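After this come two complexes, each holding subunit A, first together with subunit B and then together with subunit C.
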Partner chain A sequence: MGSLRTRGFSHYRWQTGQVAWLLHRITGLALVLYITMHIWVVSSLQLGEGPFEATMAFVQSPLFRFLEVGLFFCVIYHALNGLRVIAIDFLGATEKHVPIFWVLVVVGGVLWVIGGADMITHAIEQMNHGDPFFPSLGG
Partner chain B sequence: MLSMLKRSGTKSGGSTAWIWQRITGLVLVVTLFLHYLFLHFLNGGTVTWEEVTQRLSSPLFKMIDLTFLVAALFHAGQGLVINIHDYVHRPGWRVTLVTLAWLLMLTLLITGTVTIVTLEPAYIDQLQLGAAQAVGAGGVAR
Partner chain C sequence: MADTSQRSFRIFRFNPETDDKPYYQTYEIEVESWWTVLDALNEIKWFVDGTLSYRRSCRHGICGSCAMMINGLNDLACEKQIKLIRRNPITIDPLPGFEIHKDLAVDMDPFYKALKRVKPWLINNDPPPSRERIQSPEQFHLIGDGIACILCAACTSSCPSYWSDEEYLGPAALLKAYRYSFDSRDQGLGDRIDALDNRHGLWRCHKITNCFHACPKNLNPTEAISRLQRRVIEEKT
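The block that comes next holds the complex of A and B.
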């Protein structure tokens, strides 16, 4: 990181953009991995009601609801930062890209807490009804 | 075919990918929002067979889901290609991985399209009726 100063860039500006870009790449790749599994899981719809409900009982168990909070983070981050990148490219928002980033962190944070709380509430309700945290197929 | 894949690493191929990554990104903001709204927040948080088949019996929802599918897979495929071009420099490996990435997207596109298009309650009733008749006939086909 010491080399940043020697490049003559404003230290903090460069850093925010760099971290934002790396996170965009990581969340994007995570979403590709997810969508691959998701389309495969949902294709069990073709097998009819029984097999579909069995699959969904597995992927809507408390464990997966907690994992979903992480997925929701990736979605919100990638979507909002993607909009920020588009705004920089098309709306000339380059000058303000750092403040925009922090505004979006707050907006995204609020959305994540609201949605995430909903998902965790579901998981807790299920466990109060006696559902195990770890799902078992065919159970 | 191979030369086409190699050319996707050139400047012109790159800027086409660049603009499409932004267009599909904007489409995804809308479709992904609707997806979360209907499948997580408006249905009490639990997806059921009943609810999905109901919704997908509407041509409008089929269209929305197909748009979502195509935009997401195109965006995902291009995202993978961007990464392959950034980290893989040996031409042979590049072409191989880019081909595999698009083959994966094509497979997912076919799987997803079949799921969305064939999910017709009437069609499923027919299938189940057919199965019931087969059982009723004592397992003798036809």
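The block that comes next holds the complex of A and C.
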């Protein structure tokens, strides 16, 4: 019984910095997963044109188009929060890290909505009419 | 006329000798408007339930004994004014991350051991001068935070990196390492670098900043860790 301790993750209040850190870790792992997949997709080139086209058709499907919107979120979040951490590390911004976080949320949110809307429009077009960028794969 | 109000305190209880599991016990008491959380704990212990355990000593924010988690955030019970707390009941837990001796009293040994690992004392191999070693005000201000630290463990106990790695030095020990390594009279960074430059040392800090927000003395361990990280990199290159 002597080893009981209060669990910080479940009992301590989640403040901005801790939420920012957890999202940074999650988006970082997602990006590692994406880069691994990306290398796998590109590596299919060495098997010739046929396997490459097949792999590309798989990752150009509407499902992946929507997942790309999530990938876009991960890239934006990880990059902008990375700037925040750099500001804490090199510019002594610890005392201002919360307002910095919310400014970056707004900037990142705008970027994500603008870019994401474009990506979703494109994915819907692809579903309806075939892909204008990859006509051989569409429809 | 006494200015009093009725408040509830939901307090973490655990006696490892008799309890299988921890539980919360709620106490309803009359509090004076000027009371701190520590005053309320004293009222409960002295007049309601003598079995409640917690640490206290100076009751004016300098001994660091009564750090605990109040409504989910670490603070000193003796500095926390009850009338400024809107939530009711007020929930009180022991410092997270440390083993529980009983109720709100935790085992602080790992905290002091981590502190000792960074050699928190002046290291200077020059022959001692006949008088004190002079510092300029600027040199002093650089290390003022680390000197003002009362070692209450509110910061280390609030740190997610410490929750997931008990070997991690933690913000308090790293602040002390900063305080001595940036002291103009100290030459000991080389002696401390083994403790600092490893996976349980400086590099475990992810700039989550819970320590900065938890510190009841408004110190900034996060900034100290960043500066120390840069100093250690400079030292190694």
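Here is the rule we go by: the second predicted complex is superposed on the first by the 115 of 139 C-alpha atoms of A that agree within 3 Å, B and C clash if a C-alpha of one lies under 4 Å from a C-alpha of the other, contacts with A are read in each partner's own complex, and residues count from 1 in each chain.
Methods note: contacts are C-beta pairs under 8 Å (C-beta built on N, C-alpha and C of every residue); 3 or more make two chains touch, one makes a residue touch a chain.
Remember, it's a predicted structure, so these values are computed and weren't measured experimentally.
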Should A:Q18 be classified as contacting the first partner (subunit B), the second (subunit C), both, or neither?
-> second
Scan A:C74 for contacts with subunit B and subunit C and give back first, second, both or neither.
-> neither
First (subunit B), second (subunit C), both or neither: which does A:L104 touch?
-> neither
Identify the partner contact of A:M56: answer first if only subunit B is touched, second if only subunit C is, both if each is, neither if none is.
-> first
Could you say whether A:D89 touches subunit B, subunit C, both of them, or neither, answering first, second, both or neither?
-> both
Have a look at where A:M119 lands relative to subunit B and subunit C in the superposition and call it first, second, both or neither.
-> first
Common ground on subunit A, meaning residues reached by subunit C in one complex and by subunit B in the other = 85, 89-90
Interfacial residue positions of subunit A with respect to subunit B in the complex | 25, 28-29, 31-32, 35-36, 39-40, 42-43, 45-46, 48-49, 52-53, 56, 60, 75, 79, 82-83, 85-86, 89-90, 115, 118-119, 122
Within their complex, subunit B touches subunit A through residues 22, 25-26, 28-29, 32, 36, 40-41, 45-49, 52-53, 69, 72-73, 76, 79-80, 83, 104, 108, 111-112, 114-115, 118-119, 124, 127-128
Per the touch rule, the subunit A residues reaching subunit C in their complex are 1-9, 11-13, 15-18, 20-21, 24, 85, 88-90, 92, 94-95, 97
Would you tell me which residues of subunit C are touching subunit A in their complex?
-> 12, 14, 16-17, 19-20, 22, 69, 71-74, 93-100, 106, 157-160, 162-163, 206-210, 212-213, 220, 222-223, 226, 229-230
